[in-house]
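Have a look at this one before I ask anything.
So that you can tell them apart, the chains are marked A, B, C and D in the order they are listed, and the count of residues begins at 1 in each.
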């Protein structure tokens, strides 16, 4: 069994790493905040004193970090991933990054002789815990095939998207559709409620309709009810993804007027002070109530 | 068992009426194009020579017509529904109309002493045939409760929305979300395909994601593939519903910037000559290819 | 010289009526709030006790009212304009109304045998006072030609637009462009100021550029500076005109995506509580500061 | 009198350089296509064999190039501007570039010990020929003051904007407003014409209204009439500037929903094949006629 190094033990990373460990792998972990390593070490993982040490001891290095800047730091810093990668090892980045960023990292990794996969995931903490994530894989098809077993310890399905960048792009498509859907749901539901339709009726009918989907299932009740906007995916990151989607359209020569309108509604929500709230707080761009 | 009069035997009306008949009801039918009455008469329904005659013989009159203008004509014409409605009868309009139109018809019907329900449906020809429509009911709650059994001969679920107009409004919400979702899906998928992601990968991942829903299941493959845009719901009617949604927002004091952008994308598709195509041809506003 | 009846002595109407009087016409005035009649009566006008009385004594009846509802009331009320109009008289409505409303009033007026002109104006209180308004005339060309002299007592230029409705539509076009220009100016100037360009530099350069125009001259300094938003044209009326412009586009088969985005920005400003402020307060949709 | 080196003799650069020469300066010229140097040499300028040679002989080096890429090439190539700049010389870039690009060039120039100014211009070929350009200056205030006389040989007015980047940003603001104005003018005028208002009436009234401005004066007649869209400013560059304006808003935390809608209308025009046409061809996004 391959020896695994896992970096990034946050909301998603910790349960994902736990699943790798539970399948019997030899796992070494690393996290900037060292106290997050304790539960996994208690469960049988080894703790590494640095990223470079972790890479040295691993056949497969996995990162699951919160944003592209964190990935760049872990990869390119003095005693980072690149400093210890060698031919024969595989580095899999499961964070959500832009296609451009992913391609640049791939190029640097390959110069070390190591293999690279991008593998962003679809699914929440719940799916991460249950091992039912959908994992999008981008990179060399041979490498993707070879590393599918380790990915399947964390998810129920791996979809191979093609060369590096395409999995990152696919993840962007989902976030673009998700963000826009939350916008139009906010507009439609607030209008309906103002006209006298109870929130629970709106939710019931939407979920039994052609547009019923997990997004509304997960977010709808809070948006129309208590409005806690408990953070699963910060609005400021969603705003950034909407911008990336508009720029991707420009680069491809595809107009994206509806995405652009949604991007701007996120900008308004952010200007109103909801950047650190959950993505679903985009509703606040439309009403103070 | 109540005697039913059913007016409007189109793509949706014919199978819906067939289901009423199949449950053993005494059904009289009427359709402007008389030849459409034949199959139902062959199955046991009586044919009426006029709307007024149909209403006279029925306890419950149902209309399922293609647009508000057709409803107004059947209701208000010389020998129309109003001319023969009396206290004790119930008139149920299952067509998709605007909340305002529905409220005006309700007021006229109630002056005759008869009861009124609006009952627009969610679901396609397939659901109409299988009797699995979701039916939204608006009107007096007593009347809605009393008439639920007849509605359940056509659908698997009746959701009571409240006073007349609210069911029509709820249907508008679904169409608003549906139309906008097709827009952002078009923008996102065309960009992804231009970047090199195969259409079938996009569809597979979207359907396994947080935004996976019947709308993409039904429309996605044709939109990214053969582009037949076979008409289930004409784009020009979707365009009209988007306009109604924007106006409903204005009336309620709710901004609807994303819906408005989608409304305009439908306008562009229509200007390009796709008004008579399926709603999914909104993709054509973004590309000639 | 024709005898003039002038109804509506507000911010615009009072100085316009004063100019008619100053040219030596026999003028009768009427205003719902009677105290506004005093200055004009002091200057030589006669005061009428009712609209009908005013119409009886006049060859030409002019209305300059704040909105379409006020026009409808004065025209159609029991002792209103219609009740006393007869063949040989001319009724000129100089208020800003929708093309549809103007056409409906024209039809009613013509049934009395009287002539009708719509004559909305371009220009502020200053131009009204100086008699330098631009007046848009719609209606029968013969009538427009015949009544040009009286219009020129109030303005420096009369532009004949064509049949009734087209002058009203032209006024809508100006408001549509004006509202949208204020939106993009707000977006551009706030961004520039955030980047460090002083407000006065932005104003100086814009006014010396290809987009320099009276709108920025009049509104710009307050928008980027004190932000009093002193009301010349209420934002809620501008919001309504943007909606009418979107609907006019829909009716004509012309997409209006940029106008629609501006319409929605006005909706957001209104939701934020700026409906009664000046149109230029649309900037408040973008920033609380 | 300072010795001037002028690089870039295109539509704008040639007449600008001619005006510098006409004021009696010692001028050396350089242009990639050498034949464009002939008329200026005939008028008294010296021709340089390379950029480096030109810089060596000049106290002040001016570039007026078509896009940022051309500027970067001339500045950074082997025998480019940087290779020959020394303390005591001043480099003035009058091309239209992004604030970021301008700041990067400034930093490189200052490392040579030379002074730098950015000085993008407002005005067309006509203003360039007549020496009536408005020139926006960004950079060290001392340098700007010292070099104002040479700028005033080309324009009638110099507006000092502040540090490097702010003049470039100001130019972007003008292009943002200009592009958006052309969009709303297209939407409004096409709707008005469809309703029956003649194009010349629309132009006459707009020009006498609060939104009357040089942009409509220059572009309006062709847009509503012959639709030649003769290229003064290519649509694809306007599209790029709209994108930069949206990104500038994002960077500053200012929502720009109306600019974003205009950006997308340019994207649609470009997708329809009008990228190489004049910016005013954005009207083609709305109609094929």
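The rule is simple: a residue touches a chain if its C-beta (ideal position, glycine included) is under 8 Å from a C-beta of that chain, and two chains touch if they have at least 3 such contacts.
Just so it is clear, the model here is predicted, and its values are computed rather than measured.
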item: Distance-maximising chain from chain A - centres being C-alpha averages; value: C
item: B-D or A-D, whichever has more C-beta pairs in contact; value: A-D
item: Distance between the centres, which are taken as Cα means, of chain D and chain A, whole angstrom; value: 42
item: Averaged-CA centre spacing for the pair chain B and chain A, given as whole angstrom; value: 38
item: Chain B and chain D, separation of their C-alpha mean positions in angstrom; value: 54
item: Multi-chain contact sites of chain A, meaning residues that touch two or more partners; value: 249, 253-257, 260-261, 264-265, 268, 271, 285-287
item: Touching residues (chain side chain C, partner chain D) in the complex; value: 99, 122, 134, 136, 157, 159, 161-163, 165-166, 169-170, 173-174, 176-178, 180-181, 183-185, 187-192, 194-198, 201-202, 204-206, 208-215, 218, 245, 248-249, 252-262, 264-265, 285-287
item: Residue ranges of chain A in contact with chain C within the complex; value: 257, 261, 268, 271-272, 285-288
item: Chain B-touching residues of chain C, taken from the complex the two chains share; value: 243, 246-247, 249-250, 253-257, 260-261, 263-265, 267-268, 270-271
